[in-house]
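The following pair of complexes shares a single chain, chain A, combined with chain B in the former and chain C in the latter.
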Partner chain A sequence: MLRRLTPYLFALPLLSFIAVFTYIPILQSLNLSFREWDFLSPTKPFVGLDNYRLLLDSREFWNALTVTSIFAVISVPLRLLLALFIASRLLRETLVSRLMRGALFLPSVTSTVAIAVVFSWVFSTDYGMMNALLTGLGFSKVAWLQEPQLALGVLIFVNTWKQLGYDIIIYIAGLQAIPGELYDAAAVDGGKRGHVFRRVTVPLVMPTTYFLLMISVIEAFQVFTIVDVMTGGGPAGATDMLVNMLYRVGFTLFDIGLGSALAVLLFIFLIALAIFKARVLGRKVHYEA
Partner chain B sequence: MKPENPLLALLALTAGVLFLSPVLYSIWMSFQTADAYYTGKLDFTLSNYEMAIGQYNFARYLLNSVIVSGLVTIVGLAVATMAAFAFARYRFPGGNLMFGAVVATLMIPSHITLIPNYLTLANAGLLDTYAGLILPAISNGFAAFFLRQYIRGIPRALDEAAYMDGATPLQVLWRVIVPIAKPAILSMGLYIFITEWNNYIWPLVAVGREDLYTLQIGLARLYRIDPGEGVINWPLVMAASTITILPVLLGFIFVERHLVRGIMMGAVK
Partner chain C sequence: MIANKYKISVAALVALLGSTVLASAEIKVEFWHSFGGVAGAALDQIIDNFEAENPDITIEAQEIGNYNDIVTKLQAAIPARRAPDAVIMEVTRYGLFADRDVLLDLTDYVEADPLKDDLYNFAREVGVFEGKNYIVPFNSSTPVLYYNKAIFEQAGLGTHTPLKTYDDLLAASKQITEKLGDDGITGIAAPGQFARWGLIMDNDSDLIDSVSGEILLDAPNTIEAYEFMASLVHEHKVASPDGVTKENNGRDAFLAGKVGMMINSTGNYGRSTSALGDDLVVLPMPCNKVCAVPIGGAGIGILSTSEKEVQDAAYKFVSFAASPESNALWFSETGYMPINKYTPEQPLAAAALAEKPGIGVAIGQLDFARGRPRPPVVTWMRASEYDMWQAMALGQRDVSEVLTEFAERTRAEAERLKR
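Moving on to the complex of A and B:
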């Protein structure tokens, strides 16, 4: 009897944690999204789809969705292009290339809050590094974090700076998996460097690109920390992302119903992306014969 | 390793330093007095660190971060390794379904659980406690998945030899599997520790009491709320930021290769 129970006993702790803190909460969110509740009142009346209707009618939601989409659409391709370019230059196992990989990778394991604080200084109007550089070159100061479009641009820059090293490491793994003979064959055929890169490297590294594309899109739609610390969603909502709105609605306004509805919508969207990722990766990943 | 072209090496080194210059400069700035910084002079001091640790309680935040990240790592690894062992070594009714449920958590965006987990911990009276910070972070589907793959690569003959000698499953796990899987377990431990160390949104939600702040919360508060008279004391903020970064930075220098290998392995899943 005990023998048959053994695997269950081993798996039980993990499964209980997952049940209590992941799966049951999803159902709870769904349930709460159909109710009106401010966290304090004793009743949670059922209001049907009211929260969803409220959300879809609010300018705040469409603004956050737009801003987050712009953030994703610009930062994801930027990251991947830069990462592929740099990775293809850091393939050799030399001391310099190892040091460079280390330097580039460091930000991705560093505290996001600390990075956000440091770059708040870099882009601060009066004492920042950027404006010191600009005034040194004879230009006037720029209010980086106070101008709506510039502020979003700064966030994209900081996010790219932080995540680039991770993408590079993954690309290096992907590039190293490409058999050397293919390059030899291309060289024999007299392929020029740029040509080989486009015709051999890019198509063969496609599975890695798909992998990075999907995880970075999912990540981009969940960005929170750098925004919360650097701009708080401002100026005037210009950098207000979906998760920042979720945090505000749920934990500052304590509108649990509306916050849950927003969480459910975000969840459905990201799960759809993840399933799409699994499908696409499942099909495109097998290029080796 | 091949010898380098010195010019190329110098160029690369410059690029690397330039890339990291904001962080490097912030560390440098943390050793300057505020007066010297704002007037452009040089005046080396440790007073920012004294202030961050004394007046602003960063020693406490550091301790909190070590306790929370340390416990999440140890308990998380134990729980993940046991489950990985079950999924790698046993075929049992419901096993595939359970493993599927574990792997599916990799796709679930964590923000859907934010409000319900807050409510769960509020009901259990665990907000503003270490337990409230730690419990929701214990389950790590990625670590369980990764370790299961690794354990499957260990020859079963080793388990069987131990069973012949009368070992129990727990002994087999502890004496046979864990020693062999040590590199993978260490990689996952690093990954869990760093992720938890840098966690921001959950402590932000789960903790209101100042003496339970982790470094991330303490730093964000210091930067956003402290200014008072409107001028941010940047050297002080950078001292706090350096305290927040340093443990991972030092660890990184020692274990970089380990960590990078772990992440690469994870990507080829």
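Moving on to the complex of A and C:
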């Protein structure tokens, strides 16, 4: 009996931790999404699907979903392509490549708030370094953080700069796991560089790509700090992401029920997206060379 | 030898028990506030003075962040039963907390306190929500007009340049931008929300009527005021758009000597004098159609969940902080307005008024200063106004259309909150 229970007992501390800090809050959020509450009232009246209805009828929700989707659709492929390209150039164990890996990884371990503050000054219209450079070269100033499309572009740039180092390191690990004989065989068969990359490297690094894709899509849909510090969702909602909206609804407008409904919708959306990716891409992932 | 050890042990035990009893007799008041830097140091001094007079009370002050941060953290702390005993609350945003009985009704405390007769009328009024007193003001402010004398001179403007109306502001801003734009200097900082509110009041209107609660976002004078403010950025380009997406950017640029004028709270007096020294000039708010300024800042509220003796101790501190001596220290260090009628007579305040030019401008505005509305919908309205302002100031949407729609949404939200 005890022998049967032993593995569960070993797992129990971690399971309890996850339950307390993940599963119970998820269930609590689900419960709150059917209620009206402002954190302050002693009662939390049940309102059924009202919060979901309100959310799906609101222009802000659809705007935030669109903006977040655009952000994900542009930033995820950009990150992965750049990371794969740079990783393939930094594979060799030289001093320069090690220094480059370190330098590129540095933003990943730097405070996101600090990065966002620095870049918000870099891209400031009248006082920023970027426009000082442009005007110095004879161009006119650009309203980086005030033009809706540009502001989103700047956020994508900053997020890519911050996350790229991590993707590169993971890709380097994936690339180093590809057996050298396969490249030798391809070379013997007269395979050209681009052809070998497409036919050997890309398929064999697919498990890494798949992992990074899963992680980066989730990250893209949960982006918050950079947006909050740099634009606050502005100008006029042009960079308002789902998590920004969730924070605003819950913690500025005191509508915890609506905020929880948004969190639940985001959760369902990400699960659905993960299943879709598993169905479409999962089949193309081979873990053996 | 053994007897001695025994005696020493007993004495130590008695001392330990004694200190525990003493420690438990000491009342601790956890106080959340939003002051760092010069203001934080002044507050610490007030707390030290209070504790010296009341050795049985300890004020555990914590700087939480800005007003929004306090509201956010308080929201999370209440259900977690980790709320403080006293808290700084911005004057338009405490209504929701009062409405939900989170804040203690201080009416009986205030009525029994001789302080009530010493406070200026605005200071009494600002803490009252639906007939009951919920906060006692601590850092009160109005917006004032700051300008940089050096920039004015470089732009060919004198110290007698009229800055009374919207047209005056625009003319001066244009001249500065035209003359000094190549050096990266702009005429005026894009007005922040407090300044916008002031400029709307100067145009004989309001966002929400503070007496009747009527929503005035789409009133003609409000629309006109927003049209003027938005035009400074996108039409006349005399205000940097940087200050539209991040309000503090406008202020920081002014402090860095890159902006000619700024309308901002009197609470910025300390940092403005530090940054600009003798180049700083402080003027009253313009009076476009009428002279009117909003009362801003915050007061101290006490949580209804605290124990009675802690509430009593907290009120003692609240009253002490509003006393002429404490208020004079606070006023002279920060530039926030006096709330106590006897503050200006205090040596510290008198010295500040004599030696710090411009620090008394806000006092001169008290004759036409008005409290702002504080029903629960104000929190929603203020949080949502930023997006509307950005759309208007950056020229993305028509002012009248934005405000008409915003007014309707605010009315609907007010109804929802009432329900």
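One rule holds in what follows: the second predicted complex is superposed on the first by the 254 of 289 C-alpha atoms of A that agree within 3 Å, B and C clash if a C-alpha of one lies under 4 Å from a C-alpha of the other, contacts with A are read in each partner's own complex, and residues count from 1 in each chain.
Just so it is clear, a residue touches a chain if its C-beta (ideal position, glycine included) is under 8 Å from a C-beta of that chain, and two chains touch if they have at least 3 such contacts.
This is a predicted model, so every value here is computed, not measured.
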item	value
Combined model on chain A where chain B meets chain C, clash or fit	clash
Which superposed partner A:Ala185 touches (first chain B, second chain C, both, neither)	neither
Which of chain B and chain C A:Gly237 touches, first, second, both or neither	second
Contacts of A:Phe251 with chain B and chain C, given as first, second, both or neither	both
Partner with the higher number of touched chain A residues, chain C or chain B	B
A:Leu145 touches, of chain B and chain C: first, second, both or neither?	second
Touching partner for A:Ser120 - first (chain B), second (chain C), both, neither	both
First, second, both or neither for A:Ser41, with chain B first and chain C second	second
Partner chain in contact with A:Ala272 - chain B first, chain C second, else both or neither	neither
First, second, both or neither for A:Asp228, with chain B first and chain C second	first
Of the stretches 43-51, 79-87 or 403-411 belonging to chain C, the one that collides with chain B	79-87
Doubly contacted residues of chain A, that is, touched by chain B and again by chain C	120, 124, 127, 232, 251
List of chain A residues in touch with chain C within their complex	38-41, 120, 124-127, 143, 145-146, 148, 151, 231-237, 248, 251-254
Interfacial residue positions of chain B with respect to chain A in the complex	1-2, 4, 8-9, 12-13, 15-17, 19-23, 25-26, 37-38, 78-80, 82-83, 85-87, 89-90, 92, 95, 98, 101-102, 105, 107-120, 135-136, 138-139, 141, 144, 169, 173, 194, 197-198, 200-201, 204-205, 215-216, 219-220, 223-224, 232, 234, 237-238, 241, 244-245, 248-249, 252, 256, 259-260, 263-264, 267-268
Residue ranges of chain A in contact with chain B within the complex	4, 6-8, 10-11, 13-15, 17-18, 20-26, 28-29, 32, 92-97, 99-107, 109-122, 124, 127, 129, 161, 166, 169-170, 172-173, 208, 211, 218, 221-222, 224-225, 228-229, 232, 243, 246-247, 250-251, 256, 259-260, 263-264, 266-267, 270-271, 274-275, 278
Complex contact set, residues of chain C against chain A	68, 71-72, 75-76, 78-79, 96-97, 100, 102, 184, 186, 240-242, 244-246, 249, 253, 256, 258, 379-380, 383-384, 386-388, 390-391, 394, 396-397
